[in-house]
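A, B, C and D are the chain letters, set down in written order, and residue numbers restart from 1 in every chain.
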Amino acid sequence: MEIASELKIDVRYYETDKMGIVHHSNYVRYYETGRSQLLKDIGYPFHLLETNENVMMAVVSVESKYRMPAKYGDVLRVVSKINKVPQAKMVVESEIYNEDNVLINFGKVVLGFIDATTRRPIRCPESLSKLIESLMK
Amino acid sequence: MEIASELKIDVRYYETDKMGIVHHSNYVRYYETGRSQLLKDIGYPFHLLETNENVMMAVVSVESKYRMPAKYGDVLRVVSKINKVPQAKMVVESEIYNEDNVLINFGKVVLGFIDATTRRPIRCPESLSKLIESLMK
Amino acid sequence: MEIASELKIDVRYYETDKMGIVHHSNYVRYYETGRSQLLKDIGYPFHLLETNENVMMAVVSVESKYRMPAKYGDVLRVVSKINKVPQAKMVVESEIYNEDNVLINFGKVVLGFIDATTRRPIRCPESLSKLIESLMK
Amino acid sequence: MEIASELKIDVRYYETDKMGIVHHSNYVRYYETGRSQLLKDIGYPFHLLETNENVMMAVVSVESKYRMPAKYGDVLRVVSKINKVPQAKMVVESEIYNEDNVLINFGKVVLGFIDATTRRPIRCPESLSKLIESLMK
């Protein structure tokens, strides 16, 4: 079982570089934007984590594979997935497709949880892990 | 009298766009980077304002004039100037020159001061206005 | 008469800064994104200008007024307007509203036209100015 | 043997996010900025590749590990390394240290070479691979 969410992203002009394609750093931002939507879709937007639990998410690692370029004007489809109930860490995978439905980029982001006051690592708050667990069934 | 500060900025690849030149939005970031250096140079870096006075600076308006493009690899010279002792507002002007010493961009940024706790507008803290006044003499 | 276009923009996490609000440089990018939508809406997307007419648009000046901050999670409404048939220059104004319908930011961008090969300034291609003229009636 | 290059990067205000730290996407940009410096240091800046060989570099994959956050005002030291003579691909590793000389981030970027005209993958131009080989001895 997995949780998945889709988001359409219009490539913006300022995201291109002098090669005429989307600069590679922007995919890391697309992952975040998709991840943000995923959490919104399951009813647990980022800011609730901070407001309700005093918890922030910190990026631990990013892996990104580039298969094909994207261009200004492209409408990309970002599919964000969680495959495992988060405990110490949460893993979100992102598949980015172009309008021909070709997978052009793949990302895997590992996130940790930190206490917003002490800035020390903690486990995933139960309110979030239980929710994800219930949705995976 | 005026206070001025110079900063060299190497154009970074990701700052270019598909026209092959620095995307226009980055100049607003160059102004900020130069302004940050100006305050550091006079011994009053941004973060002191927040730490010592609980004050933040908020941008009120930006004017930007683009005369010539910049390219990846260019080393720009950003000259930031304050011409008037700040009271309710602080005005910083930025002149950006290329390696041929041609003025390629001009910016004018008006900043306000806000109480970091209440987020309400206040006057420029005396510690900063007095410092600028003394340097202008 | 004027031409207007609306675009909803979800504030992205990476667009915030340490003050907890959208960094001021991003509004210049919102103007562009809205402008891009305006041209798409009237049936003349940016890339056609380049493909059909070998013409690029270059930013000549930007004015930006900041009235209220935006935060992560906000859905902004960007209204882009052209009030005059472009000749040597094209002026696009942007009004940005928050969800309470409060005008939080105002922008005015002046664009010039350049021959994509010679990179020299030219007048607005007739295909675009005539279209705008007809839509304004 | 390896080739290494160092670059100091001042964290810029706009690179921070609402957590008060450098947004994770910027490290990918720091890698590029360091890589750009590395190639400049060995006498083969990016743009020569394009001008002399009609070759562009495309990012194939990025791996990024985040150990500690960076803040506005930090001066980071980016160490970029090539450990192997590039053939089909070039691998550049980046170590980012803070002012306490603590490794706060590690990146590994794999780059491919493409013909700038056909946009098809090619091997590393000999002018570059021979240069790197000679420097590694």
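Assume contacts are C-beta pairs under 8 Å (C-beta built on N, C-alpha and C of every residue); 3 or more make two chains touch, one makes a residue touch a chain.
The structure presented is a predicted model; accordingly, all values stated were derived computationally and were not measured.
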| item | value |
| --- | --- |
| C-D or B-C, whichever has more C-beta pairs in contact | B-C |
| Listed chain pair B-D, A-B or A-D that repeats interface A-C [over half of contact pairs the same by residue number] | B-D |
| Length of the line joining the C-alpha centres of chain B and chain C, rounded to whole Å | 24 |
| Separation of chain B from chain D, taking each centre as the mean of its C-alpha atoms, in whole Å | 28 |
| Between chain D and chain C, distance of the C-alpha-averaged centres to the nearest whole Å | 33 |
| Shared-contact residues (touching 2 or more other chains) in chain B | 13-14, 25, 29, 32, 72 |
| Residues of chain D defined as touching chain C within the complex | 13-14, 16-18, 20-21, 23, 25, 72 |
| Complex contacts: residues of chain B adjacent to chain C | 19, 24-26, 28-29, 32, 56, 58-66, 69 |
| Chain D-touching residues of chain B, taken from the complex the two chains share | 10, 12-14, 29, 32-33, 36, 45-47, 72-73 |
